[in-house]
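Next come two complexes, and both contain subunit A; in the first it sits with subunit B, in the second with subunit C.
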Partner chain A sequence: MARSNKPIVWGPFAAGGTLTAFLTPVLILLTLLAALGHAPDLLAYDRLHAFVGHWLAKTVVAGVVFLSLWSAAHRLRITCYDLGLRADTAVATIVYAGALGGTGAALLYLARI
Partner chain B sequence: MSRKPYVREMTWRWIFRHPRYVRYMAREFSCLFIGGWTLLMVWGLKQLADGPAAWGAFLEVLRSPASIVFHVLALAFAAYHSITWFNLTPKALPVQLGEEFVPEGVISGAHFALWAGLTIAVLYLAGAF
Partner chain C sequence: MSERAVELEVLRYNPETDREPAFQRYSINCPEEWVVLDALNHIKESVDPTLSYRWSCHMAVCGSCGMMINGEPKLACKAFLREYSGVIRVEPLAHFPIERDLVTVIDDFMEKLKRVKPWLMPGEPKTLEAGEYRQTPAELKRFKQFTLCINCMLCYAACPEYGLIPKFIGPAALSLAHRYNKDSRDGGRDARRDEVAAYEGVWECSFTGACSEVCPEHVDPAAALQQEKIESTVDWYKEHLMPWLKK
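What follows is the complex of A and B.
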């Protein structure tokens, strides 16, 4: 059977698509409430710092960031192709590197919390 | 491989040839908002790590008019992505019981119900109401 790296790329995309479908709208709603001046209690510094300070929350946040960024990156890659940008290898390298870079940055910040 | 392969010209104009293509692209463009919002949250993690003053500055940026516009658009695109995703679940996860397949509406409906439950649970646990 021919070797392919497609499952590695596509697995996190499908997982991230499902995760963002279930979770992203309500999370955006939370920061929208904060943007409108009605920040939920959880977004107060002391509560959020204590919440994200727990190792389990850190793991979940890191996972959500990675899967959200990866699925967005993969969709952006396909969209670039659909829009006529045929330099797929370059596009794929840039978007996946961006997703991994964003995840790496999130891990560094989480380690400091 | 022929020596002079024909490469069909490809532009972005096909999007507007059919309403279905516009809807498809609207779903695909949700990635810009979901990815952009996630990066905004990564910056929020940095501000949270930097201390109360930095976190306060982050909340201040969230309250800017540009941020409000971005959030409204992001929420609309993210919700549209969710709806299209759950509408596709009967195709991706067909469930067979005995001879019969479970009706499509039941599978997507279960996803929509779970989505609604999760949304209310997160809002409640975050102290939004």
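What follows is the complex of A and C.
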């Protein structure tokens, strides 16, 4: 039997899923805190802006954004299939394009900092 | 000893006379501590000798008495009647063709089991004089859980992917492949790769985890499949991005 090429899409999905499991709750908490005006000094806008100015921080942020979006896109693709939407190629193209588009936008904004 | 009145609704099918399966009701009185299998045995002995089903050990070891009980795959010998109220619906395992009453045709599973080569293929063949293959407790622990499978096929009845795509090799067979792949004495991983890393292998699994929920021996097939996915992914990257590693 032919070996599957699914690892190309599954690798970033698994990595993104692990990352999201650890990062997302923290990000939600910090966003809520910031929205309520309780962001700690270390995470103030100016400080974070300066932090993301470094090329290493840009690379890490781009990686996190790509893996999280990819993981969500792949999960959505499988969910569509399980819910009975069997046009897998079309669904895959749309959701992965969304993830890549989001990553592209993040890269663009990061480059401007 | 207290007794309880039980009403069972059993799916019956006789290929010689019936066009399609139909439910039949049996009302019996039985001791409080009986399991569904006891009730079926009682029905066969004293109510309706034509009822057909598989069973052997009555202690969750042989894996023969898997059936759908109120829609959930269970071993009939582990399903206590006192845990159910109202009419208890008993059907053959889902996703398998019915041979007769609660007996299913399991050829598909048997064929898939063979395909994953679930036996030890020694990495370095040894003569008898050279002694046994030794293994540390840590090496044993890596696969021991996956040896506990009793081939009861409850995981196949629970797996939505197997229901959708019958080509899927499925939880139990792939977990057994994983069991041998993880064995320090085994060298057959490459020989199993064509089946395991195929689209019909671990890649058909969407990790709903239903297999692990219904497994009566707590093998956790879903874990075995995810571990094989990670290893297949590493293999894939090595093969496609690092061609200089090729032997």
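As a working rule, the second predicted complex is superposed on the first by the 108 of 113 C-alpha atoms of A that agree within 3 Å, B and C clash if a C-alpha of one lies under 4 Å from a C-alpha of the other, contacts with A are read in each partner's own complex, and residues count from 1 in each chain.
What we mean here is this: contacts are C-beta pairs under 8 Å (C-beta built on N, C-alpha and C of every residue); 3 or more make two chains touch, one makes a residue touch a chain.
This structure is a prediction, so every number in the text was calculated from the model and none was measured.
Chemist: Looking at A:5, would you say it contacts subunit B, subunit C, both, or neither? Reply first, second, both or neither.
Modeler: second
Chemist: Tell me which partner A:49 touches in the superposition: subunit B (first), subunit C (second), both or neither.
Modeler: First partner only.
Chemist: When both complexes are superposed, which of subunit B and subunit C contacts more residues belonging to subunit A?
Modeler: Touching more residues of subunit A than the other partner does is B.
Chemist: Looking at the overlay, what does A:18 touch: subunit B (first), subunit C (second), both, or neither?
Modeler: first
Chemist: Check the residue A:29 against both partner chains and state whether it touches subunit B (first), subunit C (second), both, or neither.
Modeler: After superposing on A, A:29 lies in contact with subunit B but is clear of subunit C.
Chemist: One more residue to check, A:82. First (subunit B), second (subunit C), both or neither?
Modeler: A:82 sits against subunit B and subunit C alike.
Chemist: On subunit A, which stretch or stretches are contacted by subunit B in one complex as well as by subunit C in the other?
Modeler: Subunit A residues touching both partners: 78, 82.
Chemist: For subunit B, which residues are in contact with subunit A within the complex?
Modeler: 10-12, 25, 28-32, 34-35, 37-42, 45-46, 48-49, 52, 55-56, 59, 62-63, 67-68, 71-72, 74-75, 78-79, 81-82, 85-86, 114-115, 118-119, 122-123, 125-128
Chemist: Could you please specify the touching residues of subunit C with respect to subunit A in the complex?
Modeler: For this pair, the touching residues of subunit C are 160, 193-195, 197-201, 203, 206, 208, 229-230, 232-233, 235-237.
Chemist: Where on subunit A does subunit C make contact in their complex?
Modeler: 1-8, 10-11, 14, 78, 81-82
Chemist: Please name which positions on subunit A make contact with subunit B in the complex.
Modeler: Per the touch definition, subunit A meets subunit B at residues 17-18, 20-37, 39-43, 45, 48-49, 52, 61, 65, 68-69, 71-73, 75-76, 78-79, 82-84, 86, 99, 102, 105-106, 109-110, 112-113.
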